[in-house]
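Presented below are the structures under discussion, each in the form of structure tokens.
Shared chain: chain A. Partners: chain B in the first complex, chain C in the second.
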Partner chain A sequence: MLGLLGSAALVLVAGAPWVLLAAADGEELEPPEDVDVYIVDDNLTLKWSHKGEPAGNVTFSAEYQTDEMENWLKLPGCHHVTGTECEFSLLNTNIYAEMKFRVRAETGKSTSSWAEVDPFIPFLRAHIGPPGVRLEAEDQAIVVDISYPGRGGKMWEGDTLRFQYRIVIWQRSSNETKTITTSYYTIKISKLLPETTYCLKVKAIHTFRGKHSNYSAVQCINTTEASKMPVPENIEMDALGESYVLRWDCAPADVSFRAQWLPNFYKSTSGSSPDKWKPIPACADIRTMQCVFPRNTIHTDHFLLRVQAFRGNNTSFWSEEKLINSQKYTKIPPPIVAVTPTRDSLLVYVSCQDHSLSKCRKLTYEVVFWDKTSNTKRRVVKESPEFTIENLQPQTVYCVQARVLSFATWNKSSDFSDALCDATRPGNSSSMNWILTVLGTLFFSALALYAGKNLVKCLNSEFFSSPKPPPSIDEVFSEPPSKYLLFLTPEEHTERCFIIENTGTVAVTGGNPSPEGEHRKYTSQSSQDSGNYSNEEESTGSENSQGLRPQGCPEHSGPF
Partner chain B sequence: MTPERLWPVVLVALFVMPIHSLNCVLLENATLESVRLLGSIIICSPLKCLKEIKNFEFPKEVLPYIQHVERDMKEAFFIISSQALNIFFSHNSHISPVTAERLQHIRMGLYEQMLQVQDCFKDEEKESKEGDNKPEHPPPKHLQKAYLELSKYFIRIKKFLRDKKYSVCAWKIVTAEIRRCFTIFYNFKKLLRMRSEEEKK
Partner chain C sequence: MIHKQLPEMVLLLLLACSTVFSLEPKLILFQSRMKRESLHPPTMLPVSSVQQCLSHRKNFLLPLQSVSRHQYQKGHALAVLHEILQQVFSLFQAHLSLGIWEETHIERVLGALHQQLEYMESLAELKAEQSGDPSVQRLRIQIKAYFRRIHDYLENQRYSSCAWIIVQVEINRCMLFVFRLTGWLSKQETDP
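And now, the complex of A and B:
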């Protein structure tokens, strides 16, 4: 009791909160709740709440772990913090891999259990911050230089080409806004009024994640007073053989001009400096409002052109930037045609001659075909290069030509290919005839063979003696002539038997003349008995594989 | 056939000659053009570069995430093109003018490919009017996974370049790797298309 009172007095004297008392008494400290991580670009904020304790007595510490790490590590900037949130920048971790965070409350030597955040992938959770915007004024234009959200950080470093930017611009004195969506990082907004204040804001859109940032802070800028050196306008380009012709308009006649080009991709890279523009040598210093330069000056399909007027050291602002798609000026070669004829159709495959990057895109194919003898042409148009021209006559020569009708978004067509003529294959009737002929031939051959065989048989039976059946068959199946039954002679009953005693030795013995009385007893009945003996002999003979005894020649070992 | 079992088939398909397709021809041409362009810088690699060759661990597990032969493949090509272009935009002041010129051609080619993939997207989807109130559409989960894995892969490549101080050898090795990546996807697309055609029959 005294001990308890002493403890209470100590607490009262020290003014320590009940939490401390609880901790000292060994009760568990409440862990933080509602722990969450909020990410904008490379900046992370870990937030949580905690019940009950007055500020300052409890501190919080956080740790993190990635799926590539075995142990938890202390989160820099989030150790022993007194508030309910802490901020930190992206660590040297993989933003595309899962991360885990945990926080606990601490007081003195007591700590709460850890409160953990569900694992998440920073890249997928991150919000997009507004892009950086820098403005530069001309007399009739504003150059907007955009930097990607969190520029210099890791979060969007690999996604600079996945952003689109939406620019909203308006005159400060007006409520009318104009919206421009672009994937360029530097854009020149032209056709503005000199000495006028324009305001604008920009937001970023991540095209893969489908997420938008907030708009950047509104910035306003005054356009300069009108330049004395007017800017070239209405930039146009055309193709002339292997050259490009660049034309523009400009008011004063006593100035020179220079033109430059820039590969389009530079516009889509953040922080690309203006010095990437390249001069066009043939258009570096010219007095006319057009210049002609070889196509091979520029090595890419998509590029920008700009023109500047100058007189001595005085220069105009650069003209608006004209985006050129060289496909528009590329001549399509006539296609190559391949024809495979069948009985009543032609399979036509049209292929573009040039499979390079810039040609043969989004083509529509036109095939013209005709019977060589009639010259009446028929036309088929398809987006596919494979054609099947059906319902044709067999064994007829048809000619085919093809051309490419459209090209990307431009209405252009190639010349027709050379005519390719081929004959369709023979028709069905012809092949059926062949089949019938072959079958008929086979049938008649078989018939003739059968008839011939019968004829030969007939002739043989008529003009030649019929073959004798083997003696044994004759003996068994034929009835002995009645005269033999009545007048048996010893000679006629004498049979020649062959007994082969050993291989290679054939003994020919004469049958012993039977007594006459016995011979007379030899009837068909006795012949049957003979068959029985014969069976016995067969079985006996089978024991002696080396001996052969012709049937019908039994050894009469019985009582006969 | 389960996606896991597709991978050996892909390896086999790498040696199968591509078949001309009618669908999105321009993209396939562009991909082949990129492969050709990337090949132009690899020629005559000095022997000393062999020592520096690194396994960038191409994420083959990405391939099963590509489920739709046209839609997903376009996205995959767009991811690769943009990430590859991002790498080729890296600092490269210490290389010879010849290599610099080749790298420039590669940048142009990859950018053209990116534009063409965008054209492909536009073919399928109406060009968005994109009002401010347009709801945000997160990509499907399987594409998110593909995006993450490919991003990790390209970070490894970028780190290698940085560690090797953007040397000529490092550029050649990286270019060869990116070319391989394009080839794998090109052939995988062919495989998927053949499979989908078989399923239709």
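And now, the complex of A and C:
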């Protein structure tokens, strides 16, 4: 071992002059400066500057390391490069882990020291590239199909819902622009002129990180000549029982219509909406400008509808898309009203009857109440489900009914609930009420204190009891802790009873109840004695406790 | 196929989430628990299928510790919930075209997820996050990384049946975490 160390030392001593020489050779080779990383989508560009050596003689190499790696790895495409930048794809790296980069200059056999970039998380440093844009022309509309920045890459794959897109559109012959902001990936810009050239550009905005991309390259497209087939307009929908009624307008012509629907979420996903539109069977081929279809045709709450006219093989362009929130057409059930009367007021509690409580948000209740004898109704509007109607007459019957006045953002109401009538309490007994209240409070406090004390006792005995010996030992020293007897479960109470005689002996009755006459022998006094006896056992651990334990009683009783 | 059951768990998630922000938090907790119980059986995987796939197991490193609800405020918890919903949406949506699930079923799940996300984004706490709180960003990054591991695993396993079963078990695990989080959020509603 010593020999090995000795030879290693010799090698080091012998090698030292060579190291020094190499350093002297590379003394003038400066390391790169101003090393910077620029990330757009999944593409990383490493840039640096270098001074001194004439261009061409010096090359540069870069390496990277993530916090999951022990060693530095050569950066693909960044080895012996002659320029002052190189590119690297982040597709196969963990963009959520910290990364480090370093670059050095090399010439012949000598190399500079490494110039390192501070560690960073690529995802947090990445810029957003412009979105992809594809255009399709109609006679009076342009369909813009957007793909999220760096589509196919991993940087924004999990953030596609976070993007908004700002579309700027203008007629080529004019400077007047129109801006549209949308979170949809396919959008139809309508009310345009036929046979006209329109240009547009789109940029992406990451809504949470507040980052904007650059605008996409300007693209122009000509709208087609005016179509002879009329396009349905003014799409409206309504609900009729368990059906939806879809209506639209269309220039009179001998045409048929078909309607389709699309789950709304497809509009927020890149590239999937065009072929996901679904036919509505009841509206697949109709001659009227309305159609009725069952609600269960549609299986998402938010959806879009569109209508097309056709005659033989000639079809019109699709109408504008109408976004529907089916909640708007959901009937609100009347609320449930509960009333607690006092001397001169009614405490009213109104609750939403809808089973999905999320639908009970932001409700306003209209409450109507009246003296049953007069029928003069008074009306209040409350946002809180619990409130008090004050200044009422004592000992008078009042009736209350309520309805849901608005439902989330929809301006609609439910039917009134059934009237609930109750009498206010007698009038001149306020002092009596006080006394009763005080007495009641005292009584309940005492009860609570007693229950609390018992609970603490239970917890102490359960959680802080001394460790139990193994069953084998337990059998030998069969001395069950008497505390279990104090905490018999209700089940055990029903199955077995302890009957304690005045003499102190114990009899156990099983499932068979004793004759009534026998029960009468035992006084309540004797039972109390038994309780005290048990308590003493617990504290002293007396051997006599054996006598109180029924045969076959489970060792551990109940949930305590 | 067994993995057709996968989105069921997401419905549970939605039930849990949809009840977080309504008026009666006490009831909500109860209700979400009840619904979880009543919906649990269909999501149970046959033991035999799980056993067959044991060799495919992988630790996806659910960031339980760092996103533990005890350490954060309501805004943080909401961000975690929002990020998980968003990532679950992306996971299913990305594989929608594989035809793994019945289309109607997966559309219902994605529609509900999308609605839930839209609702959450209208909340003041999440809007405030747009200014970019670094601690919230770190949390979001950890969840993104977790779901990236799931995506990569599926890709490496060529979306095999076993891979989907393993992912289903993992999503179930993630949902249990989400239930805890929604429960905690409901409690925050009671004692703001």
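The working rule: the second predicted complex is superposed on the first by the 345 of 560 C-alpha atoms of A that agree within 3 Å, B and C clash if a C-alpha of one lies under 4 Å from a C-alpha of the other, contacts with A are read in each partner's own complex, and residues count from 1 in each chain.
Rule of thumb we're sticking to: contacts are C-beta pairs under 8 Å (C-beta built on N, C-alpha and C of every residue); 3 or more make two chains touch, one makes a residue touch a chain.
Keep in mind that what you see is a predicted model, and the values were worked out from it rather than measured.
S.K.: Touching A:Ser413 in the superposition: chain B (first), chain C (second), both, neither?
M.R.: A:Ser413: touches no partner chain.
S.K.: What is the contact status of A:Thr364 with respect to chain B (first) and chain C (second): first, second, both, or neither?
M.R.: So A:Thr364 meets neither chain B nor chain C here.
S.K.: So, A:Gln353: does it touch chain B (first), chain C (second), both, or neither?
M.R.: A:Gln353 contacts neither chain B nor chain C.
S.K.: Now for A:Arg166: first (chain B), second (chain C), both, or neither, which partner does it touch?
M.R.: Once the two structures are laid over each other on A, A:Arg166 reaches chain B alone.
S.K.: Name the residues of chain A shared by its contacts with chain B and its contacts with chain C.
M.R.: 94, 96-97, 121, 123-124, 157-162, 208-210, 263-265, 268-269, 299-302, 351, 356-357, 360-361, 363, 385
S.K.: What part of chain A is in contact with chain B in the complex they form?
M.R.: Those residues of chain A that touch chain B are 94, 96-97, 121, 123-124, 157-162, 166, 181, 205, 208-212, 263-265, 268-269, 299-302, 351, 355-357, 360-363, 384-386.
S.K.: Sort out for me which residues of chain A touch chain C in the complex.
M.R.: Spelled out, the residues of chain A in touch with chain C are 94-97, 121, 123-124, 154, 157-162, 207-210, 263-265, 268-269, 272, 299-302, 351-352, 356-361, 363, 385.
S.K.: For chain B, which residues are in contact with chain A within the complex?
M.R.: 20, 22, 25-26, 29-30, 32-33, 75, 79, 82-83, 85-86, 89, 104-105, 107-109, 111-112, 114-116, 130, 132, 136-139, 144, 147-149, 151-152, 154-155, 158
S.K.: Hey, which residues of chain C end up touching chain A in the complex?
M.R.: Contacts found on chain C: 18-19, 21-24, 27-28, 31, 86-87, 89-90, 93-94, 96-97, 104, 107-108, 110-115, 117, 121, 129-132, 137, 141-142, 144-145, 147-148, 151.
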